[in-house]
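Shared between the two complexes below is chain A, which has chain B as its partner in the first and chain C in the second.
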Partner chain A sequence: MNKITERMRERAQELLAKGEVEWVIGWEKGSLWYHSSPAFVRRPEEVERLIWDDFCANNLAKYLLDFTQLEGKVALFVKGCDSKGINRLLQDQQIEREKVYIIGITCPGVRDARKARGKGPEALETIDLEERCTFCTRPEPVIFDEIINTGEKLPGRGEKEPRDRFTEVERLLALSPDERYEFWAKQYERCLRCYACRNVCPACNCRECIFDRSQSGWCSKRIVKTENEFYGLTRALHVAGRCIECGECERVCPVGIPIMSLHRKIIKDLNELFGPYEAGLDTETPPPLGTYRTEDPDYFV
Partner chain B sequence: MLKVKRDKLPQVLSVWSEEAVVYTPQEEDGVSTFRPWTGQAEVTFKPGSTVLPPKELFFPRTEEMYRYRVEGQAAFLEELSLPQQKCVLVGVRSCDARSLLLLDDVFLTKGYVDEFYRRRRENTLVVALACREALDTCFCTSLGVDPARAEGVDIQAWEKDDGYLLQATSERGKALLDKVGTLLTEVSEEPPAGARPSLEVDPEGVTEKLQRMFEHPFWDDLWHKCVGCAACTFLCPTCHCFDIQSENRGNEGFKFRCWDSCMFAEYTRMAGGHNPRPTRKERVRNRILHKLRYFPERYGKLGCVGCGRCLERCPVHMDITKIIQAIKEVALDG
Partner chain C sequence: MLERVLEFIGIEPARFRVRWVSGSEGPRFAEIITQMTEEIRALGPNRKLRDVV
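Take a look at the complex of A and B:
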């Protein structure tokens, strides 16, 4: 058992046994060695289910929305990127800080489960990191009540510097508008409108989404390219300035749409217009589109 | 047994293409699905099933049903012509072949025939391809599917290193092979055994168990990790729910149907706002009950074919084999 797992179980056991929290949200093993899945633990004797390994990719922050009516507290484990999701929900006033007990994990990085398919556990070291981990500059959580730090390095990345996260955006920007439209049209032609991207997104925290009201007339339920594009663009703009770049939307897309390139284009624009900003680092700095400063650019008004 | 050499396969497809659109598994941006074969010289079949199942060739994700317009006091309906296109679907795995039989039960039996589906089904010949290799998410044999021999298809093919063994399993399949007779050779090779998946579950008795579990606390814990998206149902080769809506432009419009999912909040929301499946708990329960209880009650077979798509692409890897196992382990009083 690795040190993080050991510590996770120890702390979950204590918190539940002392009645400090009602639930602990972590990860557990699935049927396959490369599948790790969210786990919800309520009793101290169940903490043995909890694990940490190279495939604990799921951002658990969004699940806090399921516990807002709970009297007691919920404890959950967060990696660096996940912790920004907590700040997202706090800043959007969706959850109460005192009802959440946050156990941070200084993240050694997670790997891409889809690339492990068909391989055995002996191939672990050869499996690529999740794309977001190759950009990651903040493996340590930005908000926590306690932290688990084993000093382990990002697997695969080693001491390498994080990659530039705008490389793909720049590649797309270099295309002509027609080529670029062609690229996105092909991607959204495949979209199934399963809404996995929305449902895992901590910034998608509307009580009710317009896409769950197909009779509203804003967007047809027809699963066709134009409506799919409308959905993708609407969601991208709705999380503009609030996207914490956890990359979960892109990871879970069953048909592999590079959703983060759309989001990063907007992040890049916002950085250029309003100055560098990284969403979810704290709860005090207002998102660029959620505030007004007299020095904001106004050439478009 | 008849055999086609690997390098002759494009010629076979080319002959079939003269009278039909030939679909083969093709990959784009890492997502495989059945697409029209357009003369590619390289025809390869990767192990396992395609990411997207072949169901949408019979039951498209969106289709228009009829058009209408209003002129003054008069209303006019315009029927749309039924699908005419002949198709040959090549490389269907045994799990997906079974799924088509299950969709037949839904769309063609019990007193109502869906004409759109029936036409597409009748116009399409299915060439199945046995699995030499199972993926680690496959569990078809647990559902009684034979990876080496598909049910209800027109031709069964088995891949060998140098080509494909072919056997007609219907009259129409025989006619299809006759058309390419000059490209085939008679060989005395035996079809290879199917690959046995390593993932297994025994669904025996699960339907009867579920008949007594609707209100069981089992469901209270199961749903938590489900994010409520429709990846499982849309990728499932047997899920077949659809919604019917209309779209109006001025004095005219059309009715369409599109895939729907019991995972969606809107799925059971009624006029007035009441929703009998208000949370993910009831929705997850419905998905499991539909596959493992309601479908067998209505059609006498389980609604899962063991393709493994849901557990592979689920954002949280909800695993139906684990769920079946857990249901079997639930202790019931009496």
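Take a look at the complex of A and C:
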């Protein structure tokens, strides 16, 4: 058992036993060695379920929306990227700060479970990091009540400088418009409209989503590439300036659409047009598209 | 923003335009639309994001 797991169980046990929180949200071992799924713990004797390992990729922040009607508090564990999700929900006024107890984990990085498919646990060291971890500049949470920092790091994180996250966007920008159209049309042809990307996204917190309405008049439920692409574009623009780049949408996509390339393109544009901005770092700075400043670009007026 | 995103997925940016025109600026409105129509006519019909039913 690693130190993070030890500390997680200890703290969960204390919080639940003292009745400070009603639930603890963490991770538990899934059915496969490379699966770690979200775990919801209510009784102090159940804390043994909680674990931390190389596959605790899930951002648990979104689950807080399921507990908004609860009288008491909920404790949850967050990595650096997940903590920006908490700020997202706070800034969007979806959750109350006093009802959440945040235990931050200085994240050593997580591995890509998809790359582990068909391999045995002995291959652990050879499995790549999640793509988002290779871009990561903030392993330490930006909001927390207490923090677990064991100083551990996965190889590939820490020694190397984070990679430039706009490389793929720039590669696509260098293509001709027709090639770009073909690229995206091919990606979205595979979309199943399962909405996993939306369901996992902390910025997608509308209580009623336009895509759940069968007759919104904007986008039909037909699973054809253009409607799928329209869905992807609309979602990308809905979260424009609010996307915290946790990369969960891309991780959960069953057909592997590079959703983050679309989102990063928007982030890149926002940085160019409205100045550098990183969503979810705090709850005070208004998102670039959620505010007005006189220096905003206005060439169309 | 939308203009740049459309360009990113391969749609000609000329097909989309945002301009602010007051209700009293009829001639300006006509001018913008005429210009846009001409530009789009030069591009030809849009075949992108259109599915055959």
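Annotations
The criterion applied here is as follows: the second predicted complex is superposed on the first by the 297 of 301 C-alpha atoms of A that agree within 3 Å, B and C clash if a C-alpha of one lies under 4 Å from a C-alpha of the other, contacts with A are read in each partner's own complex, and residues count from 1 in each chain.
The criterion applied here is as follows: a contact is a pair of C-beta atoms (placed from the backbone, for glycine too) under 8 Å apart; a residue touches a chain by one contact, two chains touch by 3 or more.
Note that the structure is predicted; figures quoted are calculated from it, not measured.
For chain A, the partner that touches more of its residues is B, with chain B and chain C as the two candidates. In the superposition on chain A, A:58 makes contact with chain B only, while chain C stays out of contact range. In the overlay built on the shared chain, the residue A:48 is in contact with neither chain B nor chain C.
Once the two complexes are overlaid on the shared chain, A:224 sits against chain B and chain C alike. By the document's definition of touching, of the two partners only chain B reaches A:190; chain C does not. Legend: residue contacts after superposition of the two complexes on their common chain; A:214 is shown touching chain B, with no touch to chain C.
After overlaying the two complexes on the shared chain, residue contacts for A:164 are found with neither chain B nor chain C.
In the superposed model, A:118 makes contact with chain B only, not with chain C. When the two complexes are overlaid on their common chain A, residue A:172 makes contact with chain C while staying clear of chain B. Within chain A, the residues touched by chain B in the first complex and by chain C in the second are 224. Contact residues on chain A toward chain B in their complex (touch as defined above): 30-32, 35-40, 58, 62-63, 66, 117-118, 186-187, 190, 192-196, 198-200, 208, 212-215, 220-224, 248, 251-252, 254-256.
Considering their complex, residues 28-31, 47, 51-52, 61-62, 135-137, 199, 221, 224-225, 227-231, 233-235, 243, 245, 247, 256, 258-261, 264-266, 311-313, 315-319, 321-322 of chain B touch chain A. Interface of chain C with chain A (complex): residues 1-2, 4-5, 7-12, 17-20, 48-51. Across the complex, chain C is touched by residues 172-173, 177-185, 224-227, 229-230, 233, 236-237, 240, 262, 265-266, 269-270, 273, 289, 300-301 of chain A.
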